[in-house]
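In what comes next, chain A is part of two complexes: it sits with chain B in the first one and with chain C in the second one.
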Partner chain A sequence: MFEARLGQATILKKILDAIKDLLNEGTFDCSDSGIQLQAMDNSHVSLVSLTLRSDGFDKFRCDRNLSMGMNLGSMAKILKCANNEDNVTMKAQDNADTVTIMFESANQEKVSDYEMKLMNLDQEHLGIPETDYSCVVRMPAMEFARICRDLAQFSESVVICCTKEGVKFSASGDVGTANIKLAQTGSVDKEEEAVIIDMQEPVTLTFACRYLNAFTKATPLSTQVQLSMCADVPLVVEYAIKDLGHIRYYLAPKIEDNET
Partner chain B sequence: MSKKATRSTKPKPDPDAVPQKPTVSAAKKVFYIADNLLQAEDGEQRMRLERFYHPGKGQLAWFITHQDRHIMEVLEYAEPRRSWLLNNEVCSNGRTYMTTPFDATLLALHHLRKHCSQRAMSLDSIGVDESDTSVNRLLTKFTNATSLKCVSDVKVSGDLTFYKYNAERTLAWLALKTRGIVAVLKAKQVHCGLGAKSENYVRSEKLVTETDVNEMDYMRMACDYVGRYLDADLHEELTRYLHIPSEIQALVEEKSTAQKRKSQQGQQGANSKKIKLANGEDAASKLRNSSLLDSDDAKESVTSPPTPAPLKERTMTAKEKALAKGAKGSKSIASFFKAK
Partner chain C sequence: MSLRQALDDCLIDFDRRVLVTDLLEEYKLTYKEVHELLEAHIKQQEDASANNKYEKRFLVYGNQTDGGELYTIVQGEDKLKEWIAKLQNSQSQLYSVEIAGGSKSAAPIFKPMQQVEVQLAKLEKRAGATTPKGVSNGIHKPSETTKPTNVKTETSEPSSSKVDAPTEQPKKTSPSEQKGKAAVAKKGSIGSFFSAAPAAKAKETKAAVAAKPASSSSMDNFFKKQPTSSGGNQAKPTPTNNMKKDEPSASKSSNNNTSIQLFDEASSDEEEKLDKLRRKVVGSGDESDETANALPTSSSKRRRIVDSDDDEQPQKKSAEPQEEKLEGDVEMEADTNETFLDDDGFVITVRAKKAMQPSKKKASPTAGATAAAKAAAAAATTKKKSPPAASKSAKETPKIKQGSITSFFAKK
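Right, the complex of A and B next:
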């Protein structure tokens, strides 16, 4: 028996919105420590890793480890049926081929449940090695989304260059070139507006802009985003989900800098 | 029609009156012969066993003639390991011979086509130069003028009558015969589709629709019956004349469209899925309904479109395409992270 209950359906909605563009389907691996999802996008360029800790749920029960393959588009459709303030409960029997998603309004006057067929997805899990990243940038998630959106107009690829002066995002294409530089904020009034750069050594990497833009779909989940970079290693874009866990996106760097 | 039914409806065999075939080693043979013919038999009006050229078999075959007027086909039922017990004697040859009245015009047709397609000839001049006298005997004795008129142009000059083969008339006449057989098959509710069907198993509510659908099957079956007495090329002509699609042709076409569907996956319009025949009938659907296809084939053609393979190759949305385009030039993430 598996049962997980969240106080607000809106969080689950946001999570699904954050991953459904990249992934058509995914396997939710449930254990007593929580729910995990790891999957590559269709082109096998990026990897999505979602972790929801069991202690972040209002109620969490998982008698046996359970893998639920879901069509994420269908799941998102079901979650659209929930009001933002609704309680949401996911339920599944051991060895079941369906999952039940139940929404309860705050005053318990309206209860709706949706049953969805599970899929048998044969996805292999990738082991992500511990990496000591050369540069770790923390910045407002909205700012990162804005930069990615703006630079996408100029080129398919974005060069991220991190030095001790700050972090520079640049793109060049037919229209011209664009450069956005962010310096570390001197005095931090509000933590969520800070740009913090933790640099061991400078790094310059090129990434596909469309993927970065896909990652920014997770912006509503968190005020801050963390970019971790190291030469010849995938970029990590991490959004923390408050009190619950995080979403990490891994994106392989582009091989040639000037290839558009 | 089962063999048993035939036996019970036909006159009983009369062992005493069994005519003997002189040339075959087995001494006695069992024939089913109409009673009145046996009674009429006296003196020189005996029945004779003769060999004529059978166009359907492409060789000489046995026929029984009576009073130099009637000709009867001899059908042989040869089942292995059968013997007859006649009086106190065991006959090792357990075959049964059926005699049925026969239209000699069908036999004459072969000779008319062979000799009289270019010029008109009198019957007694056909085949005179051949060593086999059976041709001459067949044409002069057993054919009748009214029937021959159905398959040839007749020219009379004095007391001589000349015949010239007429293909159009022949086909019309054969088509008439075919339709007659269709009527009989329908009246007897003979199952004409491919595959066996139990006679006493009746699907009442489906029967009406099935008879409607099986029209072409009846036609094909009847045409094959007639074709058994025709030269192979004439049989083909008749099939074409009646617009009967051959089973194999229909099956092959169905198969090829099925393959097309698999490889081109709905890129072509609905047109490619249906073969329009000359008579405007949808062969594919007809074939499916008429149980001509083996049930396995039918199942395959029905279930093949929603197989999982095409589902995976479904067309990508614009977003997905854009993402795939954006992925160009990037390494695979799997080259960094190894599978656990």
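Right, the complex of A and C next:
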């Protein structure tokens, strides 16, 4: 028996919105520690890793480990039926082929439940090694989303160059070139507006704008985004989900083609 | 009119094979009536003169020995008897009658009545009154209705006209017919709209241009008229141009058309005015005529076409080299400007420029060298012109490729 209850449906809505553009389907692996989802996008360029800790739920019960393959589009449709303040409960029997999602209004006057068919997805799980990243940049999630959106107009690729002075996002295309520099903020009143760079050594990497823009769909989940970079290693874009867990996106860098 | 009356009045031409089915259809009679009337008529005719011999064909139907049904047409009563003997449950009916010997060849196959009627209707439209009466019987060879005869009758007219340019044939047939064609095409495709619009425009401009020389009779206007009107004409035969996709030939034919049409369209009054002007331009007409005659040309008409092309030089540079190539050595001889009237009263100007252009074409070594240098310089400039962004991006795209996440993380 699996049962997980969240106080606000809006969080689950935001999570689904953050991943449904990249993934059509995903397997939620439920265990007593919480819910995890890991999946690559269709082109195998990026990887999504979602972790929702069990202690972040209002109620969490998982008698046996359970993998629930879901069509994320369908789930997003169901979640749209919930009000933001509704309590949401996910239920599934052991070895069940359906999951029940129940929405309860705050005053318990309205209860709606939806049953969704589960899928048997044969998805590969990748082992993500522990990595010491050369540069870790924390910056406002909104700012990062804005930068990605703006630079996508210039080129398909964005070069992220991290030095001790700051982080520079560059794009060059037929229109021209665009450079956006963010310096580390000295002291800010609001923590969520801070740009904090933790740099071991300078890194310059090139990434596809398209994926970065897909990652920024998670912006509503968090005020801050963390970019972790290291030479010849995928970029990690992490959005923390307050009191619940995090969503991490891994993006393979564009690499020099030695064949040409 | 009854069949009997028609037979008596010799309205049915037995020189061609007369099908009983035709008569059935024509006179709305039963087979028995037609058969009896025909037999009676044939007997009467054969009795009247020993020379009159009729050849009959019979439709024979019966079962073959292997069980299959058979329909066949046999010639003469002897063969009919043979076939009747061959077939089981055989039946026979008179199929056709014609005068024996000297008659036109028979229809190759049995044709159903309606089909024949359709063909006849088409035939009568095309051939008009000249269609032989025998055809109305529906017995005719397909070769008798060939189109070339039709075309010949049309094309024979232009050959008798004064200006017998080689390109006249398409032009002659085009204006009315092709307008009609264009109207038909308009319904079908959007392309016809695009082709029709410039033609209409050209007409307008041509009308405007044609009005000018009438009001002012200065020489300048006359000389201006040639290129402008030819420009208008150039647009006019768009239907023909559309039909000919081949560019060089199309442009060539349009060139020819321009010169012809210029003189075709001028009314007799206008021509007189123009003639006066020409004489003024040329000075003494006799001398120029002599020079015109002295020139070793294959045809004055051809020269005229070339000349009109010359006037168009600034407008049509693409069409020009091909023309001149065709003209060849004849034009190379003329080195100086010469203006004269030819036999037909057309002003011909042979320019020295004409001689220069072939030399351009042939490219003397020095000219070739300079041209090559120019081309090289142009190529260099175009290379320089290519946007640096493009070259940059060209550098970028092959250099960088998107990596795969699986190459960084191992499978569990």
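As a convention for this text, the second predicted complex is superposed on the first by the 255 of 260 C-alpha atoms of A that agree within 3 Å, B and C clash if a C-alpha of one lies under 4 Å from a C-alpha of the other, contacts with A are read in each partner's own complex, and residues count from 1 in each chain.
In the analysis below, contacts are C-beta pairs under 8 Å (C-beta built on N, C-alpha and C of every residue); 3 or more make two chains touch, one makes a residue touch a chain.
Predicted model only: the values in this text are computed from it and were never measured.
Per the definitions stated earlier, placing chain B and chain C onto a shared chain A by superposition produces a clash between them. Judged by the touch definition given at the top, the superposed model places A:22 against chain B, while chain C stays out of reach. In the superposition on chain A, A:87 contacts neither chain B nor chain C. Shared-chain residue A:209: touches chain B; no touch with chain C.
By the touch criterion defined above, A:46 reaches both chain B and chain C. Look at A:172: by the touch rule set out above, it reaches chain C but stays clear of chain B. Once chain A of one complex is fitted onto chain A of the other, the partner contacts of A:54 are absent, as it touches neither chain B nor chain C. By the document's definition of touching, neither partner reaches A:134: not chain B, not chain C.
Chain C is struck by only one stretch of chain B after the chain A overlay, and of the options 9-17, 135-143, 153-161 or 279-287 that stretch is 153-161.
Within chain A, the residues touched by chain B in the first complex and by chain C in the second are 40, 44-47, 124-129, 157, 208, 233-234, 250-256. Residue ranges of chain A in contact with chain B, taken from their complex: 21-22, 40-47, 124-129, 156-157, 207-211, 214, 233-234, 250-256, 259. Those residues of chain B that touch chain A in the shared complex are 316, 319-320, 322-340. Touching chain C in their complex are the following residues of chain A: 40, 44-47, 124-129, 157, 172-174, 176, 206, 208, 233-234, 250-257, 260.
Within the complex formed with chain A, the chain C residues making contact are 387, 389-390, 392-393, 396, 398-412.
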